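Two complexes follow with subunit A in common, the first pairing it with subunit B and the second with subunit C.
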Partner chain A sequence: MSTVRMQDSYSGMTPALPPASRSVLRQLWHDRWIYLFLAPSLLLFVLFVLYPVVSSLYFSLLDWNGFTSNARFIGLDNYIEVANDPLFWNAFNNTILFMVITVPIRVSLALIVAIILNDPRLPFANLFRTALFLPVITTTAIIGVVMTFVFDPVGGPVNRFLLETGLVDRPINFLGQANSALYTAMGIHIWKWFGVTLVYWLAALQTVPKELYEAAQVDGANPRQVFRYITVPVLLPFGLLILVITALDTLRVFDLILTLTGGGPFLRTEVVEVYIYRWAFNSSIPRLGYASAAAVFFGLATLALAAMQGVVVAYLRRKRNEL
Partner chain B sequence: MKAQLSRRGFLKATGILGAGVAIGAPGLHAFRALAQDAITIQWWDHFLPLQPLLESVFAAYSEQNPNVTVQHTVYSPPDLGQSLQLAYPNNQAPDVFAYAGLSLPVPALQAEGWFTPLDPYVSEEWKSRLPEDVFIQGNTVFDGVLYSFPIFSFRFHEILNWFNKQMMEEAGYDPENGPATWDEFRDAARKITDNGGGFTFGWIQGIGHIERMGDSLNSLAQIAGASGPIDFATGEYAYGTDPYVNALEFLVSMAQDGTLFPTSTTIDTRNARARWATEAGGMFFDGPWNIGVLQSDFADFMDLISVTAPPTPEAGMTPYVNRGPKIGDFWISSQSEHPEIAAAILQEFISDEFQIGLAERMDQPPLDTTAVSRANVHPTYVKAIEIFNQQVRLAPSPSVRNPAVSEVLARMSDVRPNLGEIVQGAISGDVTDIRATLQEYADKMTAARETAIAAAQAEGFEVSQDDWVFDNWERGQDYTSEFYQ
Partner chain C sequence: MRQRLLPGFVSEWKWDLRRIITVLILLVVCLVWVYPFLWMVSASLKTSREIFASGLNLVPSEWRWENYERAWVQANFSRYMINTVVITVATVALVVFHTSLSGYVLGRFKFIGQRFILGLLVATVFVPLGYTIIPTVQIAGALGLLNTLLGPILVLSSGHVIHILLFAAFFRSVPKELEEAAVLDGANFLQVYWRVMLPLSRPVIATVSVLTFLQAWNNFLVPLVFTFSRPDLRTLSVGLFAFIGENEIDWSGMAAAATLSLIPIVLVFFFAQRQFVEGLAGAVKQ
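Showing the complex of A and B:
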């Protein structure tokens, strides 16, 4: 009742505005400094994220090459063509395979290394952390080019090592063979971004209260039990977050693939980003509308995956709370 | 006394200045008027090796016209295309630009109003100095009006056989002329590989350079007897025919023999050339510009190599490569405020001095190929031009006979995997049935063309598959304008 009365008392001052609007305006004015400071990033978000997304959605409904002004509205035809293109599904499968293989390896390996590096008894821990983080700050395109030399079948250090140690009797064309190119790219990707996942885990490990470890030590718990009953439960929520971030990371491999293999040999390493790029900019007649449809289609598929992941996360949380 | 500006004073001054700019202070208009006499021509192209030559022309023009400055920006071809794609809608197109990195054919850009004609700014005398094969509807001319012209000749291909003389001699072949047939090429490649100790291979190529490999297969198939990607007698795509299949099988045979430099499948042409120059390979297919690049990047290697015509399937054949008429290299933008200046600079590009300078860059052959004989160039470049004069012929162009063909081309979707990707797939072992894959590609291209023809016809253009048929084409003959009658 008191709220209603208060609104009534204001109604005489601003008769044009309904009570709810007044309340919103008051709230906006009250938080004006917050919105003022948020404005720059909001503006950038609108310009560089929201606007391109909305534009892509619009372009995806057009038959348009990006050059001319005679764009033609064709409804969902681009989407139907994308769905029926086996090369899109080839790229889609490559992208998903890339994610399914690299994410578990990167996340679990980084956790193991983080636990080792987090041990205060380890000498030169900072040196190791720095060394593992160095590839992250190196430009991906440069790594792509350099790795073509590292994995070169003629005189490349990897092949020379394999030959000299007798592990192989003929050089392996890691990036030039259909059965090895994508997996080699995955390995390079894991190495390149390993440091980021490591830092996430190291940050997460700082949140485990030392008292718990001390208590476990007093109780005579062995390292495996400490890991199983203290570290894992505390890290689990972080782990799920790291998993999502890493999975999204693996969907952005355009620069690495383009410089490493260009999507070859014979499309075996073509991921969806490269597929989109080819249709938008690198085909004899560019098809910006079609490329946008492929991007939106892939974006929706990614959203679906993220939603599925969300469901699994919620289920795990529920289970954990039941314990 | 030392003048000091307080923080408050500074803010006040900048505020007043800002307000002045916002409302268009009269003082600023006066400043703009003062600057009006100075003219800057924006010039975008992708001719990095020609930069000094082009800029010498710009400098000479500026010397005679001190108020004119040419701002020259050199892009990579894809960057040039993307920059133009962004510049035009935003009214920021340069005064002059090169046609490169743009996926739309010239007629489509003309229809969009991208160009300003050259004709009103040049004399009849100047036009008469251009070769007749330059005046091609849809390539340089629209509705009888000249818009542009090529600075290079159409007589070239990208499959000259460049080789290391010493390796060739050790393989038992003439160190100046190398292998002449496909069998000899394979044999030479084997011997060079055998002598290479695991570090030098017989043949090296940038197979990862997809577009180039598609072009190279087109040229090699013509050496083997094809008239081109399209059979001029029937108007059908020829990818599934014997010359194409045999040419691709020839390339694959080097991979099967183990004489192809193993990294070739993923590297591009520039990378392959650099490795060839460091003796990772004995033979390397490339265009005449190879020697120009060697001169600037690997000068020590220049005198260790020779060049010869591409090998033929059989001995004693007279091979021909048919190249369509060239499109204009430089175009004056419709957004240019000074087309007369742009045209005046462009006219210099057919002067004898410029054409000799062009030949001396050792890139594509100059429009006037006789300039090569007056230029100071490497002997291999002279030899390359001689080979082109013997082998390269002017092909008929469907869009010259019927401009509506360009409407079909502008509506044709890409077919993938494309020809270059098929070459890469065959060499890497992913494509096993070469004939079936090439035929499938030809069928898809035919379907794409039929769809595009139907779309163009629906919009009122009179065009059909017959426009690709040239009954009067004869192998070994330039298809000049009188053949179109």
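Showing the complex of A and C:
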């Protein structure tokens, strides 16, 4: 009995012969194991993914502080207020600045290091890779806390080093100064996630067929030619994907910013996620409706970026099939 | 001319010099890279005063192991460690369980509603979940999951659509014959999955486990908002964050707590380094 069920489920469609005689209900009952297998995923999905997504859309239309029951429907007013709040645009700019500055640095530096580490004759390659990967596995919130001490103007080792080598006369308050805080946070972010981008590049480099290199060597190509005419064309599509993945990464810097600066000084490091958190959990009068509107607003921007990733992946697939 | 006479010698010598310089530069870079960790470990063994007075000297004048005792016992980090381990292990197990089940049927069968379910799942892949924390907390409260360990476990386990798709893609690629043989031997639906398909998918299980492990261990926002009124349920990162607020001067205790928090994950990383790297690389290789 189970044999029959297995096979016709497997063959793809419902049995070809008597579709009319089989009601939908019977088909559902017939596939009951399938739905049972789906149940745990779907249950969790509906409760903690779908419901929150849909209801944050709804919340964004309310004037609601999250505690009382007297939520008032106000249509798109929250969105209008978000769009007119200079502090939202400050956070938005910080987020975009974060992306525009860190992504090219991370992606290009990681490529250079990946090419060096990809050399099979390089000694200690494993050690280097492990060292560069170490920050990736450490908890971001802990990094944020530790880094406030590393960059401390009074006793932190960075300022000690700068003072002792005479590079500066007086300590720099890296994270407490309006003009340096965001850039310091960017530096820490690059340091923390560099290893991931490195792994991506190493994976991409490994897809370059060895025969191509061997053929180039036989033909007497020099390393620069090999890089220009073999490595670059193969890596280019991967590079696009790595760029987009990395860009999406930089939208998730909540843990780091909250533990590092809390958005200060003077909101100079406040990214959109922290802005939302501030309105939802951390202000004297919480405004969940307003925070939700800001979240939806920004979520749409993220979606646009994600759609780009989809396009890039599709492009990659096509490219690969052509090869 | 010279190159033609001694081709191997000239190029190899040049290469060696370049290689030595490369290695030296990399060594310096890596030292700078891990310096914050060295500094943290060293600070955890000093007194708070010495941290700020001793400058760049990493070796403590006297090894103060009592910092660790203070963090572990008084600051309750033993409790936070247990909470973190429970949340992480349970999340990884639950994610592998549910994503392999649904990935199996989605990748292997055709059924009514399949397209709808797939579309629904994929549509939410890129919704930034951090932004939906408000209703998540609300529904967890309604279900009585706030201020429990089960709450963060369920929230962190939900979704994982990418992992479902990974399993689906893998199971789709398994040759039909394997399954047919098992069916001929009288295996039922559950047995085919459990005895044939799941063991085959070990590489996917490894990838999913590692990525989920990283995510669950490092998560901050979910345990933060779930434990606002139950300090004893905090995880390591939430505990450390709270620690600064509560004990504003105890730098060395903080460093000890941070070191303690990092030891398990560094150990796991050393034992599962390949899975970590391959799991991440899978995002690019697809």
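Heads up, the rule we're going with is that the second predicted complex is superposed on the first by the 255 of 323 C-alpha atoms of A that agree within 3 Å, B and C clash if a C-alpha of one lies under 4 Å from a C-alpha of the other, contacts with A are read in each partner's own complex, and residues count from 1 in each chain.
In the analysis below, contacts are C-beta pairs under 8 Å (C-beta built on N, C-alpha and C of every residue); 3 or more make two chains touch, one makes a residue touch a chain.
All figures in this text were calculated on a predicted structure; none of them were measured in a lab.
Engineer: Using the superposition on chain A described above, determine whether A:61 touches subunit B (first), subunit C (second), both, or neither.
Structural biologist: neither
Engineer: First (subunit B), second (subunit C), both or neither: which does A:111 touch?
Structural biologist: neither
Engineer: May I ask you to decide whether A:186 touches subunit B, subunit C, both, or neither, giving the answer as first, second, both or neither?
Structural biologist: In the superposition, A:186 contacts neither subunit B nor subunit C.
Engineer: Kindly classify A:259 by the partners it touches after superposition: subunit B alone (first), subunit C alone (second), both, or neither?
Structural biologist: So A:259 only meets subunit C here.
Engineer: Applying the document's definition of touch, where does A:299 land relative to subunit B and subunit C: first, second, both, or neither?
Structural biologist: second
Engineer: Check whether subunit B or subunit C contacts more residues of subunit A in the superposed model.
Structural biologist: Between subunit B and subunit C, C touches the greater number of residues in subunit A.
Engineer: Tell me which partner A:176 touches in the superposition: subunit B (first), subunit C (second), both or neither.
Structural biologist: First partner only.
Engineer: Pick one for A:131: touches subunit B only (first), subunit C only (second), both, or neither.
Structural biologist: Only subunit C; A:131 stays clear of subunit B.
Engineer: Applying the touch criterion given at the start, work out whether A:154 contacts subunit B, subunit C, both or neither, answering first, second, both or neither.
Structural biologist: The answer is both, since A:154 touches subunit B and subunit C.
Engineer: Which holds for A:238: it touches subunit B only (first), subunit C only (second), both, or neither?
Structural biologist: After superposition on chain A, A:238 lies in contact with subunit C alone.
Engineer: For subunit A, which residues belong to both interfaces, subunit B and subunit C?
Structural biologist: In the superposed arrangement, which is not itself an observed complex, subunit A uses residues 66, 154-155, 281 for both subunit B and subunit C.
Engineer: Which of the residues in subunit A come into contact with subunit B in the complex?
Structural biologist: Touch list, subunit A to subunit B: 65-69, 87, 148, 152-155, 171, 173, 175-178, 181, 261-262, 264-268, 278-279, 281-287.
Engineer: Using the touch definition from the top, list the residues of subunit C that touch subunit A in their complex.
Structural biologist: 19, 22-23, 26-27, 30, 33-37, 39-40, 43, 51-53, 55-56, 97-99, 101-102, 104-106, 108-112, 117, 120-121, 124-136, 138-140, 143, 154-155, 157-159, 161, 164, 176, 179-180, 183-184, 186-190, 192-193, 214, 217-218, 220-221, 225, 236-238, 240-241, 244, 251, 254-255, 258, 261-262, 265-266, 269, 273, 276-277, 280-281, 283-286
Engineer: Enumerate the contact residues on subunit A facing subunit C in the complex.
Structural biologist: Those in contact with subunit C are residues 2-3, 5-7, 9-10, 12-14, 24, 27-28, 31, 33-35, 37-38, 40-42, 44-45, 47-53, 55-56, 59, 66, 116, 121-124, 127-135, 137-143, 145-147, 149-150, 154-155, 157, 160-161, 164, 191, 196, 199-200, 202-204, 207, 238, 241-242, 245, 248, 251-252, 254-255, 258-259, 273, 276, 280-281, 288, 291-292, 295-296, 298-299, 302-303, 306-307, 309, 313, 316.
Engineer: Using the touch definition from the top, list the residues of subunit B that touch subunit A in their complex.
Structural biologist: 78, 81-82, 85, 88, 102-104, 108-109, 111-112, 198-199, 201, 208, 210, 261-267, 280, 409-414, 416-417, 421-422, 424-425, 428-431
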